[in-house]
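Below is one structure, written out as C-alpha coordinates; the observations come after it.
A, B, C and D are the chain letters, set down in written order, and residue numbers restart from 1 in every chain.
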Amino acid sequence: MSEKKIKNVFVEGAITPLKIADAIAHHQIKTNIGAHDIFLGQVRADEINGKIVKAIDYSAYEEMANKVFDEIREAAFEKYDLTCAHIYHSKGIVKAGELCLFVFTSSKHRAMAFDATRYITEEIKAKAPIFGKEIFEDETHTWKVNK
Amino acid sequence: MSEKKIKNVFVEGAITPLKIADAIAHHQIKTNIGAHDIFLGQVRADEINGKIVKAIDYSAYEEMANKVFDEIREAAFEKYDLTCAHIYHSKGIVKAGELCLFVFTSSKHRAMAFDATRYITEEIKAKAPIFGKEIFEDETHTWKVNK
Amino acid sequence: MKLAVKYFGMIAEAIGKQEEQLEITGNSVLEVDVFLKNKYAKLEFLNYKFAVNQVLVDGIKRLKENDEIALLPPFAGG
Amino acid sequence: MKLAVKYFGMIAEAIGKQEEQLEITGNSVLEVDVFLKNKYAKLEFLNYKFAVNQVLVDGIKRLKENDEIALLPPFAGG
(Lines give C-alpha, C1' and ligand atoms only; values in the text may rest on other atoms or scores of the structure.)
Protein backbone atom coordinates (compact mmCIF):
# COMPACT_ATOMS: atom_id res chain seq x y z
CA MET A 1 0.00 0.00 0.00
CA SER A 2 1.30 3.46 -0.83
CA GLU A 3 2.24 5.68 2.08
CA LYS A 4 0.09 8.61 1.09
CA LYS A 5 -0.01 11.42 3.61
CA ILE A 6 -3.63 12.01 4.62
CA LYS A 7 -4.45 15.65 5.36
CA ASN A 8 -5.99 16.61 8.67
CA VAL A 9 -9.31 18.29 7.97
CA PHE A 10 -10.15 19.11 11.58
CA VAL A 11 -9.87 22.55 13.11
CA GLU A 12 -10.25 23.07 16.88
CA GLY A 13 -13.40 25.12 17.49
CA ALA A 14 -15.13 27.44 15.02
CA ILE A 15 -13.76 28.23 11.55
CA THR A 16 -13.10 31.97 11.43
CA PRO A 17 -13.95 34.40 8.60
CA LEU A 18 -10.25 35.32 8.60
CA LYS A 19 -9.26 31.73 7.84
CA ILE A 20 -11.59 31.89 4.84
CA ALA A 21 -10.11 35.21 3.67
CA ASP A 22 -6.67 33.70 4.01
CA ALA A 23 -7.60 30.64 1.95
CA ILE A 24 -9.06 32.87 -0.78
CA ALA A 25 -5.98 35.12 -0.79
CA HIS A 26 -3.73 32.09 -1.27
CA HIS A 27 -5.48 31.36 -4.57
CA GLN A 28 -4.78 34.72 -6.15
CA ILE A 29 -1.44 33.53 -7.50
CA LYS A 30 -3.24 30.81 -9.47
CA THR A 31 -4.17 32.81 -12.54
CA ASN A 32 -5.73 29.86 -14.35
CA ILE A 33 -8.64 29.92 -11.88
CA GLY A 34 -11.78 31.71 -13.06
CA ALA A 35 -14.30 30.58 -10.45
CA HIS A 36 -14.44 29.62 -6.79
CA ASP A 37 -17.42 28.17 -4.98
CA ILE A 38 -17.42 28.14 -1.18
CA PHE A 39 -19.87 26.36 1.09
CA LEU A 40 -20.02 27.31 4.75
CA GLY A 41 -21.98 25.39 7.38
CA GLN A 42 -23.12 27.56 10.29
CA VAL A 43 -24.51 26.31 13.62
CA ARG A 44 -28.18 27.27 14.01
CA ALA A 45 -29.85 28.24 17.29
CA ASP A 46 -32.61 25.71 16.55
CA GLU A 47 -35.53 25.33 18.91
CA ILE A 48 -36.05 21.68 19.87
CA ASN A 49 -38.96 20.89 22.20
CA GLY A 50 -38.97 24.42 23.52
CA LYS A 51 -35.21 24.64 24.14
CA ILE A 52 -32.71 26.69 22.16
CA VAL A 53 -29.44 25.19 20.86
CA LYS A 54 -26.55 27.40 21.99
CA ALA A 55 -23.66 25.34 20.60
CA ILE A 56 -22.69 22.03 19.01
CA ASP A 57 -19.86 19.97 20.47
CA TYR A 58 -18.40 18.06 17.51
CA SER A 59 -16.53 14.81 17.92
CA ALA A 60 -15.30 12.47 15.22
CA TYR A 61 -13.67 9.17 14.48
CA GLU A 62 -10.82 11.31 13.24
CA GLU A 63 -8.55 8.77 11.53
CA MET A 64 -11.49 7.36 9.60
CA ALA A 65 -12.99 10.80 8.90
CA ASN A 66 -9.73 12.09 7.44
CA LYS A 67 -9.59 9.07 5.14
CA VAL A 68 -13.21 9.64 4.10
CA PHE A 69 -12.51 13.32 3.39
CA ASP A 70 -9.50 12.32 1.34
CA GLU A 71 -11.58 9.87 -0.71
CA ILE A 72 -14.28 12.49 -1.24
CA ARG A 73 -11.69 15.02 -2.42
CA GLU A 74 -10.11 12.45 -4.76
CA ALA A 75 -13.51 11.51 -6.18
CA ALA A 76 -14.30 15.20 -6.76
CA PHE A 77 -11.06 15.64 -8.72
CA GLU A 78 -11.98 12.63 -10.86
CA LYS A 79 -15.54 13.80 -11.53
CA TYR A 80 -14.84 17.50 -12.06
CA ASP A 81 -12.12 19.51 -13.73
CA LEU A 82 -10.82 21.29 -10.63
CA THR A 83 -7.75 23.36 -9.87
CA CYS A 84 -8.10 23.04 -6.09
CA ALA A 85 -10.37 21.56 -3.44
CA HIS A 86 -10.11 22.20 0.30
CA ILE A 87 -12.20 20.97 3.21
CA TYR A 88 -12.11 22.05 6.85
CA HIS A 89 -14.40 20.82 9.64
CA SER A 90 -14.59 21.86 13.27
CA LYS A 91 -14.14 19.62 16.26
CA GLY A 92 -15.05 20.66 19.79
CA ILE A 93 -17.41 23.50 20.65
CA VAL A 94 -18.91 25.69 17.92
CA LYS A 95 -21.43 28.27 19.13
CA ALA A 96 -24.65 29.18 17.31
CA GLY A 97 -23.79 31.63 14.53
CA GLU A 98 -20.26 30.28 14.15
CA LEU A 99 -18.96 28.23 11.22
CA CYS A 100 -18.31 24.47 11.43
CA LEU A 101 -17.68 23.48 7.78
CA PHE A 102 -15.72 25.15 4.98
CA VAL A 103 -15.69 23.56 1.52
CA PHE A 104 -13.76 25.47 -1.14
CA THR A 105 -13.32 24.44 -4.78
CA SER A 106 -11.75 26.32 -7.66
CA SER A 107 -11.86 25.75 -11.39
CA LYS A 108 -11.29 27.44 -14.69
CA HIS A 109 -15.04 27.78 -15.28
CA ARG A 110 -17.93 28.16 -12.87
CA ALA A 111 -19.97 25.00 -13.59
CA MET A 112 -17.27 22.67 -12.29
CA ALA A 113 -16.79 24.61 -9.06
CA PHE A 114 -20.54 24.76 -8.40
CA ASP A 115 -20.96 21.03 -9.01
CA ALA A 116 -17.89 20.04 -7.02
CA THR A 117 -18.63 22.07 -3.89
CA ARG A 118 -22.14 20.69 -3.78
CA TYR A 119 -20.96 17.14 -4.37
CA ILE A 120 -18.32 17.37 -1.65
CA THR A 121 -20.77 18.89 0.84
CA GLU A 122 -23.39 16.18 0.24
CA GLU A 123 -20.76 13.46 0.52
CA ILE A 124 -19.47 14.86 3.82
CA LYS A 125 -22.97 14.94 5.29
CA ALA A 126 -23.59 11.33 4.25
CA LYS A 127 -20.21 9.68 4.81
CA ALA A 128 -18.01 11.46 7.36
CA PRO A 129 -18.09 9.87 10.84
CA ILE A 130 -18.64 13.12 12.72
CA PHE A 131 -21.01 13.43 15.66
CA GLY A 132 -22.69 16.52 17.04
CA LYS A 133 -23.91 17.07 20.58
CA GLU A 134 -26.41 19.92 20.45
CA ILE A 135 -26.09 21.78 23.74
CA PHE A 136 -29.10 23.77 24.96
CA GLU A 137 -29.05 26.99 26.95
CA ASP A 138 -29.92 25.01 30.11
CA GLU A 139 -26.84 22.75 29.56
CA THR A 140 -28.92 19.66 28.68
CA HIS A 141 -28.22 18.20 25.23
CA THR A 142 -29.44 16.07 22.36
CA TRP A 143 -27.61 14.40 19.46
CA LYS A 144 -27.79 15.90 15.99
CA VAL A 145 -28.62 13.59 13.05
CA ASN A 146 -28.10 14.64 9.42
CA LYS A 147 -31.11 14.38 7.14
CA MET B 1 -44.07 54.10 -9.01
CA SER B 2 -42.61 53.25 -5.63
CA GLU B 3 -39.41 55.05 -4.66
CA LYS B 4 -37.44 51.94 -3.88
CA LYS B 5 -33.80 52.55 -3.12
CA ILE B 6 -31.69 50.51 -5.54
CA LYS B 7 -28.43 49.24 -4.03
CA ASN B 8 -25.14 49.99 -5.70
CA VAL B 9 -23.50 46.68 -6.55
CA PHE B 10 -20.28 48.15 -7.95
CA VAL B 11 -16.98 48.22 -6.15
CA GLU B 12 -14.02 50.22 -7.49
CA GLY B 13 -11.28 47.74 -8.49
CA ALA B 14 -10.82 44.20 -7.19
CA ILE B 15 -12.96 42.66 -4.43
CA THR B 16 -10.63 41.84 -1.55
CA PRO B 17 -10.59 38.65 0.54
CA LEU B 18 -11.03 40.90 3.58
CA LYS B 19 -14.30 42.26 2.23
CA ILE B 20 -15.50 38.68 1.94
CA ALA B 21 -14.39 37.87 5.51
CA ASP B 22 -16.22 40.97 6.68
CA ALA B 23 -19.43 39.99 4.89
CA ILE B 24 -19.26 36.49 6.41
CA ALA B 25 -18.61 37.88 9.91
CA HIS B 26 -21.68 40.12 9.63
CA HIS B 27 -23.86 37.02 9.28
CA GLN B 28 -22.78 35.39 12.52
CA ILE B 29 -25.47 37.21 14.49
CA LYS B 30 -28.12 35.57 12.30
CA THR B 31 -28.49 32.30 14.15
CA ASN B 32 -31.29 31.01 11.91
CA ILE B 33 -28.77 30.59 9.08
CA GLY B 34 -27.38 27.07 8.60
CA ALA B 35 -25.72 27.37 5.19
CA HIS B 36 -23.93 29.95 3.07
CA ASP B 37 -22.87 29.52 -0.53
CA ILE B 38 -20.39 31.98 -2.01
CA PHE B 39 -19.41 32.31 -5.65
CA LEU B 40 -16.28 34.25 -6.55
CA GLY B 41 -15.30 35.22 -10.07
CA GLN B 42 -11.55 35.61 -10.58
CA VAL B 43 -9.80 37.17 -13.57
CA ARG B 44 -7.84 34.55 -15.51
CA ALA B 45 -4.53 35.19 -17.25
CA ASP B 46 -5.94 33.62 -20.42
CA GLU B 47 -3.80 33.24 -23.49
CA ILE B 48 -5.54 34.68 -26.55
CA ASN B 49 -3.69 34.42 -29.89
CA GLY B 50 -0.39 34.11 -28.10
CA LYS B 51 -0.90 37.06 -25.75
CA ILE B 52 -1.53 36.84 -22.00
CA VAL B 53 -4.36 38.77 -20.32
CA LYS B 54 -2.93 40.79 -17.43
CA ALA B 55 -6.12 42.57 -16.32
CA ILE B 56 -9.73 43.29 -17.22
CA ASP B 57 -11.01 46.85 -17.22
CA TYR B 58 -14.72 46.57 -16.37
CA SER B 59 -17.22 49.21 -17.39
CA ALA B 60 -20.99 49.08 -17.05
CA TYR B 61 -24.22 50.80 -17.81
CA GLU B 62 -24.38 51.30 -14.08
CA GLU B 63 -27.92 52.60 -13.56
CA MET B 64 -29.34 49.76 -15.66
CA ALA B 65 -26.99 47.15 -14.16
CA ASN B 66 -28.00 48.06 -10.61
CA LYS B 67 -31.66 47.68 -11.58
CA VAL B 68 -30.90 44.31 -13.20
CA PHE B 69 -29.03 43.15 -10.08
CA ASP B 70 -31.95 44.24 -7.95
CA GLU B 71 -34.40 42.28 -10.10
CA ILE B 72 -32.17 39.20 -10.00
CA ARG B 73 -31.94 39.41 -6.20
CA GLU B 74 -35.72 39.85 -5.89
CA ALA B 75 -36.32 36.88 -8.20
CA ALA B 76 -33.94 34.75 -6.12
CA PHE B 77 -35.86 35.60 -2.95
CA GLU B 78 -39.09 34.58 -4.66
CA LYS B 79 -37.72 31.30 -6.00
CA TYR B 80 -35.68 30.22 -2.95
CA ASP B 81 -36.19 30.38 0.80
CA LEU B 82 -33.28 32.69 1.60
CA THR B 83 -32.23 34.63 4.66
CA CYS B 84 -29.85 36.94 2.78
CA ALA B 85 -28.48 37.56 -0.70
CA HIS B 86 -25.65 39.92 -1.57
CA ILE B 87 -23.95 40.75 -4.87
CA TYR B 88 -20.82 42.81 -5.54
CA HIS B 89 -19.16 43.40 -8.92
CA SER B 90 -15.99 45.27 -9.76
CA LYS B 91 -15.68 48.24 -12.06
CA GLY B 92 -12.37 49.53 -13.34
CA ILE B 93 -9.16 47.53 -13.41
CA VAL B 94 -9.01 44.01 -11.93
CA LYS B 95 -5.71 42.21 -12.39
CA ALA B 96 -5.34 38.50 -13.24
CA GLY B 97 -5.75 36.52 -10.01
CA GLU B 98 -7.96 39.17 -8.41
CA LEU B 99 -11.68 38.85 -7.76
CA CYS B 100 -14.32 40.66 -9.83
CA LEU B 101 -17.60 39.08 -8.64
CA PHE B 102 -18.86 38.09 -5.19
CA VAL B 103 -22.27 36.40 -4.85
CA PHE B 104 -23.27 35.40 -1.32
CA THR B 105 -26.52 33.71 -0.29
CA SER B 106 -27.56 32.32 3.07
CA SER B 107 -30.39 30.03 4.06
CA LYS B 108 -31.57 27.73 6.81
CA HIS B 109 -30.64 24.65 4.78
CA ARG B 110 -27.95 24.09 2.18
CA ALA B 111 -30.03 23.23 -0.92
CA MET B 112 -31.57 26.70 -1.14
CA ALA B 113 -28.22 28.49 -0.81
CA PHE B 114 -26.60 26.26 -3.46
CA ASP B 115 -29.47 26.79 -5.90
CA ALA B 116 -29.73 30.52 -5.27
CA THR B 117 -26.03 31.36 -5.67
CA ARG B 118 -25.90 29.45 -8.91
CA TYR B 119 -29.09 31.04 -10.20
CA ILE B 120 -27.90 34.56 -9.36
CA THR B 121 -24.49 33.96 -10.97
CA GLU B 122 -26.00 32.64 -14.21
CA GLU B 123 -28.46 35.53 -14.33
CA ILE B 124 -25.69 38.08 -13.84
CA LYS B 125 -23.64 36.57 -16.67
CA ALA B 126 -26.64 36.66 -19.01
CA LYS B 127 -28.39 39.90 -18.08
CA ALA B 128 -26.11 42.46 -16.45
CA PRO B 129 -24.87 45.15 -18.88
CA ILE B 130 -21.23 44.93 -17.88
CA PHE B 131 -18.37 45.07 -20.36
CA GLY B 132 -14.84 43.82 -19.99
CA LYS B 133 -11.78 45.06 -21.81
CA GLU B 134 -9.15 42.31 -21.57
CA ILE B 135 -5.78 44.04 -21.43
CA PHE B 136 -2.73 42.10 -22.59
CA GLU B 137 0.78 42.37 -21.25
CA ASP B 138 1.77 44.43 -24.32
CA GLU B 139 -1.05 46.95 -23.54
CA THR B 140 -3.15 45.94 -26.53
CA HIS B 141 -6.64 44.70 -25.72
CA THR B 142 -9.67 42.69 -26.78
CA TRP B 143 -13.28 42.63 -25.54
CA LYS B 144 -14.49 39.78 -23.37
CA VAL B 145 -17.77 38.05 -24.27
CA ASN B 146 -19.62 35.76 -21.84
CA LYS B 147 -20.43 32.29 -23.09
CA MET C 1 -37.29 63.58 -31.91
CA LYS C 2 -34.50 64.30 -29.43
CA LEU C 3 -32.88 61.27 -27.78
CA ALA C 4 -30.03 60.72 -25.32
CA VAL C 5 -27.86 58.02 -26.87
CA LYS C 6 -25.34 56.02 -24.83
CA TYR C 7 -22.54 53.79 -26.08
CA PHE C 8 -20.70 51.15 -24.08
CA GLY C 9 -17.68 48.89 -24.31
CA MET C 10 -16.48 48.10 -27.82
CA ILE C 11 -19.30 50.27 -29.29
CA ALA C 12 -18.08 53.34 -27.40
CA GLU C 13 -14.57 52.50 -28.51
CA ALA C 14 -15.56 52.15 -32.19
CA ILE C 15 -17.61 55.35 -32.25
CA GLY C 16 -15.18 57.33 -30.13
CA LYS C 17 -17.73 58.65 -27.63
CA GLN C 18 -19.81 57.46 -24.69
CA GLU C 19 -22.92 59.54 -25.14
CA GLU C 20 -24.54 62.25 -27.18
CA GLN C 21 -27.84 64.00 -27.77
CA LEU C 22 -29.27 63.27 -31.23
CA GLU C 23 -32.19 64.63 -33.22
CA ILE C 24 -33.59 61.58 -35.01
CA THR C 25 -36.36 61.15 -37.56
CA GLY C 26 -38.63 58.15 -36.98
CA ASN C 27 -39.99 56.81 -33.70
CA SER C 28 -38.98 53.16 -33.39
CA VAL C 29 -35.76 51.50 -32.23
CA LEU C 30 -35.36 50.00 -35.68
CA GLU C 31 -35.38 53.46 -37.23
CA VAL C 32 -32.84 54.70 -34.70
CA ASP C 33 -30.63 51.76 -35.62
CA VAL C 34 -30.79 52.62 -39.32
CA PHE C 35 -30.06 56.27 -38.49
CA LEU C 36 -27.04 55.36 -36.37
CA LYS C 37 -25.64 52.91 -38.93
CA ASN C 38 -25.77 55.67 -41.53
CA LYS C 39 -23.99 58.01 -39.14
CA TYR C 40 -21.42 55.45 -37.91
CA ALA C 41 -20.48 52.95 -40.59
CA LYS C 42 -18.55 50.78 -38.10
CA LEU C 43 -21.79 49.78 -36.38
CA GLU C 44 -22.56 47.55 -39.36
CA PHE C 45 -19.86 45.16 -38.17
CA LEU C 46 -20.62 45.17 -34.46
CA ASN C 47 -22.99 43.13 -32.38
CA TYR C 48 -25.22 44.96 -29.90
CA LYS C 49 -28.65 45.17 -28.31
CA PHE C 50 -30.75 48.21 -27.43
CA ALA C 51 -31.99 49.34 -24.06
CA VAL C 52 -34.54 52.15 -23.77
CA ASN C 53 -34.67 53.87 -20.41
CA GLN C 54 -32.56 51.06 -18.99
CA VAL C 55 -34.70 48.16 -20.16
CA LEU C 56 -33.75 45.82 -23.02
CA VAL C 57 -36.08 46.25 -26.00
CA ASP C 58 -36.55 44.88 -29.49
CA GLY C 59 -36.71 46.82 -32.76
CA ILE C 60 -40.45 47.59 -32.74
CA LYS C 61 -40.25 49.45 -29.42
CA ARG C 62 -41.69 53.00 -29.86
CA LEU C 63 -39.68 55.92 -28.53
CA LYS C 64 -40.74 59.24 -27.10
CA GLU C 65 -39.03 62.62 -26.75
CA ASN C 66 -36.00 62.60 -24.40
CA ASP C 67 -35.87 58.82 -24.04
CA GLU C 68 -32.48 57.39 -23.15
CA ILE C 69 -31.39 54.76 -25.66
CA ALA C 70 -28.28 52.66 -25.15
CA LEU C 71 -26.27 50.41 -27.46
CA LEU C 72 -25.04 47.41 -25.50
CA PRO C 73 -22.35 45.07 -26.86
CA PRO C 74 -22.13 41.47 -25.54
CA PHE C 75 -22.07 41.24 -21.77
CA ALA C 76 -18.93 40.20 -19.88
CA GLY C 77 -19.97 40.45 -16.23
CA GLY C 78 -18.77 37.95 -13.68
CA MET D 1 -10.29 -13.10 19.55
CA LYS D 2 -8.96 -9.81 20.89
CA LEU D 3 -10.44 -6.63 19.38
CA ALA D 4 -10.04 -2.90 19.96
CA VAL D 5 -13.56 -1.54 20.25
CA LYS D 6 -14.33 2.17 19.83
CA TYR D 7 -17.54 4.01 20.72
CA PHE D 8 -18.57 7.44 19.47
CA GLY D 9 -21.17 10.13 20.11
CA MET D 10 -24.37 8.93 21.75
CA ILE D 11 -23.02 5.35 21.86
CA ALA D 12 -20.00 6.40 23.91
CA GLU D 13 -22.34 8.40 26.12
CA ALA D 14 -24.71 5.44 26.65
CA ILE D 15 -21.93 2.95 27.38
CA GLY D 16 -19.88 5.38 29.43
CA LYS D 17 -16.59 4.78 27.64
CA GLN D 18 -14.86 5.64 24.36
CA GLU D 19 -12.80 2.53 23.83
CA GLU D 20 -11.79 -0.79 25.30
CA GLN D 21 -10.01 -4.04 24.46
CA LEU D 22 -12.38 -7.01 24.38
CA GLU D 23 -11.91 -10.77 24.10
CA ILE D 24 -14.78 -11.91 21.91
CA THR D 25 -15.97 -15.34 20.75
CA GLY D 26 -17.01 -15.57 17.11
CA ASN D 27 -15.39 -13.95 14.08
CA SER D 28 -18.03 -11.87 12.28
CA VAL D 29 -19.33 -8.37 12.90
CA LEU D 30 -22.78 -9.83 13.54
CA GLU D 31 -21.37 -11.98 16.36
CA VAL D 32 -19.59 -8.96 17.85
CA ASP D 33 -22.88 -7.09 17.77
CA VAL D 34 -24.66 -9.86 19.67
CA PHE D 35 -21.79 -10.02 22.18
CA LEU D 36 -21.91 -6.25 22.76
CA LYS D 37 -25.71 -6.16 23.10
CA ASN D 38 -25.46 -8.82 25.81
CA LYS D 39 -22.78 -6.80 27.56
CA TYR D 40 -24.48 -3.39 27.14
CA ALA D 41 -28.27 -3.66 27.18
CA LYS D 42 -28.71 -0.03 26.10
CA LEU D 43 -27.32 -0.82 22.63
CA GLU D 44 -30.61 -2.56 21.85
CA PHE D 45 -32.27 0.86 21.63
CA LEU D 46 -29.58 2.72 19.70
CA ASN D 47 -28.95 3.12 16.02
CA TYR D 48 -25.40 2.55 14.74
CA LYS D 49 -23.20 1.16 12.00
CA PHE D 50 -19.91 -0.73 12.23
CA ALA D 51 -16.55 0.22 10.83
CA VAL D 52 -13.67 -2.26 10.84
CA ASN D 53 -10.21 -0.74 10.55
CA GLN D 54 -11.84 2.55 9.60
CA VAL D 55 -14.00 1.23 6.78
CA LEU D 56 -17.79 0.82 6.99
CA VAL D 57 -18.79 -2.86 6.88
CA ASP D 58 -21.90 -5.01 7.06
CA GLY D 59 -22.65 -7.87 9.48
CA ILE D 60 -21.03 -10.67 7.49
CA LYS D 61 -17.62 -9.00 7.53
CA ARG D 62 -15.02 -11.43 9.04
CA LEU D 63 -12.70 -10.13 11.72
CA LYS D 64 -9.13 -10.99 12.60
CA GLU D 65 -7.06 -10.67 15.76
CA ASN D 66 -6.39 -7.05 16.85
CA ASP D 67 -8.81 -5.51 14.37
CA GLU D 68 -10.21 -2.14 15.35
CA ILE D 69 -14.00 -2.15 15.35
CA ALA D 70 -16.04 1.03 15.85
CA LEU D 71 -19.71 1.63 16.63
CA LEU D 72 -20.83 4.73 14.75
CA PRO D 73 -24.13 6.47 15.55
CA PRO D 74 -25.83 8.65 12.87
CA PHE D 75 -23.52 11.21 11.31
CA ALA D 76 -23.92 14.91 11.97
CA GLY D 77 -21.03 16.50 10.06
CA GLY D 78 -21.43 19.80 8.25
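We take it that contacts are C-beta pairs under 8 Å (C-beta built on N, C-alpha and C of every residue); 3 or more make two chains touch, one makes a residue touch a chain.
None of these values were measured; they are calculated from a predicted model.
Without subunit B, the rest of the assembly breaks into the touching groups A, D | C. A separation of 23 Å divides the Cα centre of subunit A from that of subunit B. In this assembly, the C-alpha centroid of subunit B lies 26 Å from the C-alpha centroid of subunit C.
Between the CA-based centres of subunit B and subunit D the separation comes to 49 Å, rounded to the whole angstrom.
Look at where the CA atoms of subunit C average out and do the same for subunit D: the two points lie 73 Å apart. The multi-chain contact residues of subunit C, meaning those touching 2 or more other chains, are 78. Counting partners per residue, subunit A has 41, 110, 121 as the residues that reach two or more other chains. Looking at which chains touch one another, you get A-B, A-D, B-C.
In the complex of the two chains, the subunit B residues touching subunit A come out as 17-18, 20-22, 24-25, 27-45, 96-99, 106, 108, 110, 113-114, 117-118, 121. Residues 6, 8-10, 51, 54-55, 70, 72-78 of subunit C are the ones touching subunit B in the complex.
Residues 41, 56, 58-61, 63-65, 67, 89, 100-101, 121, 124-133, 143-146 of subunit B are the ones touching subunit C in the complex.
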